[in-house]
Every structure is written in structure tokens, then in C-alpha cells.
């Protein structure tokens, strides 16, 4: 049964997309149930099997590895799949109201959303470098129209810029894969380390540099982040949430896979990790400062993503169990918190018609639940307790301290102070009262608005809960530590 | 994990969390429901605390442990120090809630206010019952978060400026604690709070590291405890409504800082080790300097609330002073001051709130003759002021006597000089107020001024004020009886005689 | 020797056309250069013993892509001037120089690295030859596409579908009347051409499909040829854009993906590995579905419309 | 060299000659119409010669037939596209400047 | 190394570089798309030449990859062109301002 479940993770959303293309409201609804609501149930048996037996491969078509394509499920992949199921699911629930099945907008929206889900699931499972290229392209081509669907000129411009850079990134990745295939004779990620051992080192280095550049560009890692803020800020709310929480993570995830699973240990790996750490530090500081300077809520959140992605690279040189747990936990908690923030921001934008910080006054009266979700998620982003973000930061700090990385430690602290500054700047703007004597006006919020606020709040609460229920997740992650970092 | 009887401290924390969430959920309009919830939450908490108090007297113990990170647990327990702080907080929260309901009647954003008010108390309870430094830190930071909306509650530019300053200080303080904590965890793991500390076995060879950790943690806690030179957020935060000021000063924030210092010396390092490393001297000097500095500045304030604020800066440092001086008597003095200062200072803040709400009085000069206009409040104020100065047999005297006697046994007679100077300064900034209240003529303008609030609301404010004044009074008068804070502190330290 | 000369001519032509594409004085010229580039690439594929790719490059790379580029250029020309132009800062000259230097460095590095590699089939390729008999087709490319790496092909259909969905989503937000009408409606000779070419394109498509098992050809090339016929119908105004896609079109769009996945899933539930092919017939079935979807999707992308209908 | 190959070579060479002529015309003639004239006439014949050359060289009737179809299709495409280009050129020129 | 392979490898490298330059310095999105397509073509050429195309039937795996790649390229181009029309429609220009949003 567990194989069927694994296959279903990719194929149910894919078939759902087909179903949603067909006309009629019923098809789309069925597609959403089949393709999205099923995911947690499919993930349960897969998770259990990984807990019981550890990571495993599935060979597609029965054609074994260097020739065929394999799927690989391990704790890291599981974490990402759960994020797709939960964050994607709640964002989809939020989107349900703005893109109702049966309406023209819904008809355009859902097939793409389902394809995006299938592509991300496929990407997290695939063990084949070229198949990953196809998945990356599918993610890009499904995600970008969703941005442009916001309709504004800014959104269209941002989508175009994103598309061009994403295509460039894919090509860099593809060129690297082409070189690797020829020098190693395989496209399988997990056969690569052995195959590369005999390959000429300059070729490997050049190919990995190309792959790395492509992925850094797709992952919007400073200084290649230029496309991200506008794209994430101008997309429709649930799309922003998924872009920031999941889509950019696909590139970071691949970076981990290639860097930590396929890269032969040695000088090259050390140099790459150091470079990543420097870029991560740059992202953390630059993104934090820029977030502090924005005057629109969604841009603040988008720049915060630029900054927070820095954490995901910063700790790579530590190469310890604690660092691994910290990275994966940051992946999770940032995803939850950021999605909550974007959904909340979308609700606020919807309710008051603007997301300029100067227009946000008295939000606690006007959109209380969304503001609360924003605040709770903000706690996680700042890395203050009790939240998943805090635990991730704690683990990072502890790993940095044990590793004697004082520079890293100070960057981490500076980054979190910056995060506190920009989050509290938003909250202060939202609590402001222009005129203290102003009468209270509990502005009518529609039932839909309330429900949408609930989804944001649920995500924020999940971010909060991850501040307590960390032990099982971290234990699972410990069994999935990259081979170059230690024995599982 | 055990969610039964043993986990009572968790439920104490949760009572306020649930209250807070329900209040948020109720929304602004449902005032009666909110009032009922507020009072019910406070009462239930108080009852739970009293149950725990009795159970601990009979030798029961409470502990809730939940693994959060590898090697790090969320640990809530209840020892005597916990109970000292928790009882104080629960008691004063109930009274402050009643006071705040009256105080904020008519004003906007009450749901938000009471929601965060409850979360704030939940965080305080967590601070009180934290069983290790990691848990302590979690609630310590939560307290920062929950208090900020209260500080900026009025939503004015001054409120936000104060809020920004508050955050800047407390978040940076939090970072210091965090770094110290990480260092400590890397060095020694996360030890539970045990009287005498857990670090003595590893002290050899790690002196420098331990000193570094101590300084980091001390400075981190010192921010909230308003130790010199980290105090300047406190007077600025006076822009908040009076119940918030009362809460900040008497119960939650500064006390959390002071409580952290107590835990640091008593239960993390242990006094012996701290002494051996020469760390207590540092804290003693810092605390002594703060005591004098705060008093001197209080003398120069013409705004009543600001004068009280600087008085707090000075008085809270007594706690650190007592614990850092280290003899049993001085420690008892410090611990009991935690309670005494709380009760006394909250009385004074309530009174200041009453003057402000009732007659719009903010400045010291305007107090002239108010004993005639607002007699009950003025009596309470006088009691509080005398208690602060340390007039026997009021609460402040008990503290100062123990501190002084303790300092002499500890071989630090200069502390007595500090106490004497402080007492004189206390008198110098409080007695003129009492003098103005009772012995200056009421100006005609003030006599003619209408009360700004309805009689019913005034009663809602004066009632709680009277209760806290009584508490402060009896804490001093009945200090010798079983169940008093002093008695409790003595049991904790062991009889000095 | 003569072969080297041919290779050199093709190579110089390819590089020269690439340069022209980048530097061409007008965008229109650049597009033309790119189309010729594609045709020359097809010759390069033929020289490199890859007739499958030569077909695909000519039909898709040069043909369909070229048609798409040209029609978009024309539409942009028609739209230009109807909305206020936004002033765009000129790029700094140093940027051009820097990018030139960067590109030159990249060429040197890439050339050096690729020359250090062995130009021969890799391990996986050898395996593909060895295990080809198990698939049942004799064209190894078809074997890889439909059996060994069928999952790639399936995902690729997802990409094609996403492209159409995306294009539909953005096109639906164009202001009404933004797109110009067909270019060559009512030219007398065109009708005669179409009555011949469209059936031929269908014939060729079917031929390529069935040939794909043993000779160069397959669903992609066939689909592109069929799409070319459809493009002609659009250009001549025989088919015109519809507001909504019909149910047939929708089924056609997802046919490839759906049939492919369903065969895979059926095999999975029969206890075989996912995407194992039950026989050569299944490969042809899937290829037929793929061909139809590819052709329809490409035509719809060309028309930039959700659907098509016969002109009245 | 067999007779078959010789014939094929001659045909191919002749075809190339026509192509060259057509290309020179395309480059040297003054306006669209005369350029089209050179191109279509010469190239169609060139294509026929090249196709026949290849057919002779292969010696297979089947390939010969396919090449015939190629030539016919080329003829058709050239005719229609030439017509379209000329028509477009005519419409693009103002009436007073038309030849 | 076989001369044919040498020629086509260098061609591929050159076209890739030309594409990169074109992408970085072009102003019109349409030209940038052409440049991207050039880069794609160069990668395909590289794959096949390295796969042994110069001496005999090339490695079928890269051939399949290139076929897939060609279809992906046309898909991406087609969507990009549709988006470009929308860009022209929404902003009145088919160029991207290098200074905004960065």
C-alpha cells in the first residue's frame, strides 16, 4: 500500500489538474479533494514506513537506476511533503473563496495550483537530476501564471522578470547536469558520489558551480534575490504564501540534495559551504535592512523571506547534527510562519483595500484575527519563544557556539534583532490610533473574511505549536542527516 | 509527561492563557462576559495557587517536564521561591484586574488590553514556576511580547516611542540572556534550578567561562530589573495606563528581572560559587549604585508617576542587593522585599491612578490638600509612602532591618550606609508628598474641580486600592506570624537564628 | 575532409546566426535569424547522427517556435502605441561590456571543460542499448522516452499543459480587442494551399508516429507537424479564437497526461511497477494520446486563445 | 564512377547552379518583385534538379516518389508564399509609387 | 578527440556564451527570450556531441533529454510570449525596466 501512496502523492494532484481542466464546477471540486485533501492521508503510511524502516527508493517502471528514474523518500523529503500538504492545503482553503470553483477565475486557478502541487511533490521525491530539471520547470511554469493572475501591472512585470531569471537558472542547472552526466555516466543523485569519484575534478567543479548558480538564482539567495520581493508581494495572497513557504524552498532543497548528498566530500565541498554561509549572512542582513525600509506590508514580508532564506544557508559549514536539525526545523517553521503572514496580509489587504503601513492603523479593531495571526507568526519569524522559529534559532546558535563560529553567532543575533525591528514596526503601525478619541468601529467582516482569517490563524498556531512539539520531528530529522555530515 | 495533579503549575499558567484567548475571541462589545471571565480566571488561579501552597506545606511537590529539544526540557515546578512570587502575582493580579476594569471603563480597545493583560500574567506565572533556565527564558521573552501591547496601549506617538525604547532594551537584554544561556548549555547542559546551584562540580577550570556567563545573564536580567545603567526604559514606559504601570512595577516585568537575578545566584550558580568567583561583589555594587541613583533621580521628578518610577528603580535593587550580599538574613531581606515592594508599590500606583482619573492630578505640586478631597486614597497613599520609607513596623522596615543586619553578618557594613542613605532619600521624596496631602491647604481651584469620574467608578478604583494597602500593611504588621511572606522566606533560607 | 568542411560551414553558420540573433538591428530581423538558426541546427543534428532531433528541431525549434515568435511580434506591433509608453532607463554601457567579458570567459571555460570530456555514450546510454529489446521498439530514443524515462515524458506533458494554462490565464486578462485578427484571411491562393497541406500534415503526423517505433519520428515530431497544419488554419482565418474552450478541446489537452498516468496507475494496481508498459500497443496508445495533446496545445498556444472554432 | 552516379552528379551540379543564380538575383535585384521573380523561378527548378539527382543516386523508386512529393510541396509553398509576399509588398506601398 | 566533435563542442560553447551576453544586455523581452532559446540550443548541442554524435549514433539518453528539453523550451517560450503580450497590454511596453523592483 505504501508504494501506491507514494505514487499518489505525485499522480493524484496531476490527475486532479486534468480533472480541473475539464469544464464544470463539480470536476474542479472533485479535483481539489482528490489532488489536495488526499495528501495528508497518503503521507501517513509513507511516514510510518520511513519511521519503521528508514529511507527507501522506488524504481519507476522497473528500470533500475542508472538507466531508469527512482523516487527517494527520506526524512527531509517527508518534511517537505508534509509542508506541501499542510501549508499548501491551508493556502488552498484560503484560495477557495477568492477563486471559487465554477467561476472563470477558479477555472483558471485550480489546474495550475494542482500542477504546482504535483510538481513540488515530484521534485521532493525525485532522485534523478534531469527529472528534477523537468520538475523545476513545471514548478516555475505553474507558479508564474498564478502571480500574474493578480492582474496588476506590477504583478505582470514581476512575473515576467521572475520567468526570465527562472529560465536562465534552469538553463544553468541543465548545462551543469549535461556535463555531470557525461563525466559520471549517471543522472541518479544517489549514484553520483561514487560515479564522480573517478570523474575529472575541474569538470565536476564547473558543473556543480553551474548547478549551484542556477539553484541560488531560483532560490532567490542574496545577491540573486532581485526577482523575489516584487513577485512574492504582488501575487494573490495564497499564491504568495505558497511561493514564499514552498516554492523558493524547492531550490534550497535541491541545493541541499546536490551539495550534501551528491558532492564528494573534500575541498570543493568545504569551499562551497563557506560561500553559502557568506551568501546566507548577506541575505540575512540585507533582507532584514530592506524589510525595515519598505512601506508596504507584503513587501516587508517578502524581504523577510529574502532574509530568512539566509538562515537556511548560514549554518551549512557547521556540518553537525544540531546544525542539520536547525536547518530543517527552520525550513518548517519559516514555511508555516511565512505562509500565515502572507495569508493574513492578504486578508488585511482585502479588508481595508491597501497594505501601505500608513493605512494600517487600528487594525486590531478592523481585522483582529488576521492581525493576531500576523503577530503570532511574527514571533516565529523573530525567533522569540514560544515558536518553531525560536527552536530553530536556538539550535543554530547552539551549533554555532559549539562549533566556535563567533562570526556566525553574531550574524544570527543581528539577523534576529533586525527581524524583531521589522515585525514590531508593522505591529506598531497596526495598533496606531490617529485620534485617541475616535469612536470604536467594529467594521463588518464578512463570513468569508472570517474563515480566511481562520486559515491564517491556523498556520500561525502551527508555527506556535512547533515551538513545543519539536522532539519527534527532530528525532526523525536526525535519522535523515546527510551522509557527508555523519552516520544516520 | 504527566498531565495529572503533578502538573498543577501548567494549569496555573494555562488558566491565564485560556482567559486571554477567550477574551480576544469575545471581541470588544461583550463587556459583562469579559468582566466575568477576567474575575473567574483570576479567582481560579488564586485558588489553584492556594491549593499548591497548602500542598507544598505538607511536603507535596509539583513538576511537569516535556522534552522540547534534545537535552532541553520545558520544566515547570513549584518550589518555595516559586510560591513566593506566584502567590504575590496571583493575588495582585486579581486586585489589579478589578482595578483595571474600573479604570478602563469607557476607554477603547479593552478586549485587546485584557487579553494581553492575561497573557502577561501567564508569562509571569511561567517565570515563577520555571524549573530551569531554558524554561525561564521562554517565559521571560513571552513576557516582553505580552507587555509591549500594554505599553503602547494608548496608541499615541509618545506611547509608541516608549514602546520602542522598551523593546530595544528588553530584546537586547533577551539576546544577552540567550547568549549566556547557550554558553551555559554548551558548557554544562541544562541543569534544573536547585538551591545551591548545579555548577559547582564543573567550576574548576571553567572560571572564566562561568564569569562570562554570569555577567551576560546578569546584564540580561538587569534590563528588566532596571539595574543601572539599563533602567531608562522604565520611567518612559509610564505613559501606559496606571494598571499597566502597576503591573510592570509591582508584579510582572521588573520582578521577573529581579527574580531572574535571584534564581541566577541561588539556584544556578549557588551563592558559594558566585562568591568564590567574585561575582557577587559586582552585583552588590551595581545594586547599591542603583539604589542610590534611583532615589536621587526620584527626588528630582515633579511628575508623580515618574517619581514613583524612579523609586521603583531604586527599590527593586534591594532584592538584588540582599541576595548578592549573601548572608541568610540579607537573603531573607531581599526575598521578602520581592513581596513587600510589590504590595507597597502597587498601592502607590493605584493611588496615583486615582488622583489622575479623579481630579486630573499628575504633578506633585497639585497634591496640596488632596487629603480632604480624596481621603481614602490619600490614607492609602500615606501608608504606602511610609512603608516604602521603612517606618516601623511597616513592610519596608522589615526588609531594611533584615538587609542591614544581614549585611553586617556578611561583613559588608558599607551596605548599611547605603541603606541609610537610601532611607533618607526615600523620606526626602515621599514625606513632602504626604506633607502636601495633609498639611497644605486645598487650593480653591482644586476644591471646585468636579470629579472626573462617576462615584461608582471611583469606588471601583478605591476599593482595590484599599485592599492592596491593607495587604501591604498586614505584610508588615503580621510579619512574625506563620504564613506571612517573611515567615515563608525564613522557611526557605533556614532560620538565621 | 569534405565532411569536416561541411561541419565547419554549419558551425560557422550557427555561430554567425546566433550573433545575428543577438545583435540584429530590429527584433523582427532577430527572429528571422533565430528561425534560420533553428534550421541550421537541424542540419547539425543530422550531421551528429540524431535524425530524431533534426526532425524535432525543424518542426518545433524552428517551425512552431518561429511561428510563435513572429505572431507575437506582429501582435506587439499592433498593440504598440495604443497605450502610453513608459520611459525606460537605458542600460549602462559598462553593463554591456561586462556582460561581454563574462560571456567570453564562460565560452572559454565551457569549451575547455567540454573538450576534456570523452565524447562517447555514457554508462546509462550503454544500458539503454542493452535493454532496448525488453521494451519492444527498435528506436532507442522512443525506448528511452516511453519506457526507461517515461516519467520525464509524463512530467513534460505537465509542463506543456502548464504553459497552456498559464497562457490562457494571462491572455484572459488582456483588454478586449487587444489582439489583431488573422493575417492572411481571404487570400485566394491560401485556400488552395490549405486544402492540400492540412491533410498532408495529418498524414505525415500519423506516419511519424508509427515510424517512431523503429525509425526517426515519434509523438513529438508528429505532434509538431500536425500543429503546423493547425497553425496554418489559424493564420488563414479558417479557425478563429473562441471565448471558451470546448469540452473536446479540454479532453484533448489533458488526453496525453491522463492516458499516460492512467496506464501507469493501472499497472501499479496490477502489481507491476508504476509506469511499466504492458506492451508495445500501450506505447503506441500513449504516443497517440501525446501526439493529439501536443498538437492541440501548440495550436492553442499559437492562437493565444482558450479555444478555437471554425470561422463562419 | 558508374553511369548512374555521373548522371546524379550532373543533375546535382546543375541544380546548385540554379540555386546560385537565384541567390545572386535575390541579392542584386533592385526591388521586391524582381527579387521574388529570380528566387522562385530559379529555385523551383534548382530544387527539381537536386531532387532528381538524389533520386537517380538512390536508385529506388520509393525514394524517388518521396522526393517528387517533396518537390511538389516545395513548389506549392513557394508559389503561395511568393504570392503573399508580393501582395503584402503591394499593399504596403502607396498607390502612386506602385510599379 | 574527433574533429567533428571538437567543432561542435566549440560551437556549443560559443552559442551559449552569445546567448548569455544577449540575455544580459538585451532590452526587449523578446530578444531576451531569443537569447534563452539560443542557450538552450547550445546545451542540446553539447549534450549530443558529448554523447558521441560525431562518430556514430549518439547516446539515446541525451537524445531523449534533448527532445524533452525542446518541448519544454517551446512550452516556456509560448507562455513567456503570452505573458509578454499581457505585459505590453498592462504597461504599454514590452521592455522591463532594469531599475524597478531590484
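In this document, chain identifiers A, B, C, D and E correspond to the written order of the chains, with residue numbering beginning at 1 in each.
We adopt the following convention: a contact is a pair of C-beta atoms (placed from the backbone, for glycine too) under 8 Å apart; a residue touches a chain by one contact, two chains touch by 3 or more.
Note that the structure is a prediction, hence the values are computed from the model and not measured.
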**Count of contact steps on the shortest path from chain B to chain D** = 3
**Asked** Between chain D and chain E, which partner chains are common?
**Response** C
**Request:** Report back the single chain whose CA centre is most distant from the CA centre of chain E.
**Result:** B
**Fill in**
Maximum distance between Cα centroids and chain A occurs for chain D
**Item:** Central chain (by mean CA position)
**Value:** A
**Message:** When contacts are scored as defined above, which chain pair ends up with more C-beta pairs, A-E or C-D?
**Reply:** A-E
**Request:** With chain centres taken as the means of their Cα atoms, state the distance from chain B to chain C in Å.
**Result:** 73
**Fill in**
Cα centre of chain A to Cα centre of chain D, whole Å, reads 57
**Request:** Mind checking the centre-to-centre distance between chain C and chain E? Centres are C-alpha means, answer in whole Å.
**Result:** 13
**Fill in**
Rounded to the nearest Å, the gap between Cα centres of chain A and chain B is 43
**Prompt:** Where does chain C touch two or more other chains at once, residue-wise?
**Reply:** 110, 114, 117-118, 122, 124, 128, 148-149, 152, 156, 159, 162-163, 166-167, 170, 173
**Request:** Quick one: which residues in chain B touch 2 or more of the other chains?
**Result:** none
**Prompt:** So which bits of chain E are touching at least two other chains?
**Reply:** 16, 33, 46, 50-51, 61-62, 65, 68, 72, 75-76, 79, 83-84, 86, 91, 96-97
**Prompt:** Which of the chains touch, listed as pairs?
**Reply:** A-B, A-C, A-E, C-D, C-E
**Complete:** Within the complex, chain C is touched by chain E residues 1-22, 24-28, 30-31, 33-35, 37-38, 41, 44-46, 48-68, 70-79, 81-86, 88-89, 91-99
**Prompt:** In the complex of these two chains, what residues of chain A are touching chain C?
**Reply:** 3-4, 7, 11, 14-15, 17-18, 21-23, 58-63, 66-69, 104, 108-109, 111-112, 115, 118-119, 122, 128, 130-131, 134-135, 137-138, 141-142, 144-146, 148-149, 151, 156, 175, 179, 181-187, 195, 200, 202-203, 206-207
**Item:** Interface residues, chain E side, partner chain A - complex
**Value:** 16, 23, 29, 32-33, 36, 39-40, 43, 46-47, 50-51, 61-62, 65, 68-69, 72, 75-76, 79-80, 83-84, 86-87, 90-91, 96-97, 100-102
**Request:** Using the touch definition up top, name the residues of chain C that touch chain E in the complex.
**Result:** 3-4, 7-8, 11, 14-15, 18-19, 21-22, 27, 30-31, 34, 37-38, 41, 44-45, 47-50, 52-53, 56-57, 60-61, 64-65, 68-69, 72-73, 75-76, 79-80, 83-86, 88-91, 95-96, 99-100, 102-104, 106-108, 110-111, 114-115, 117-122, 124-125, 128-129, 140-141, 143-145, 148-149, 152-153, 156, 159-160, 162-164, 166-167, 170-171, 173-175, 178-179, 218, 220, 294, 298, 301-302, 304
**Asked** Which residues of chain C touch chain D in their complex?
**Response** 184, 187, 189-190, 192-193, 196-197, 200
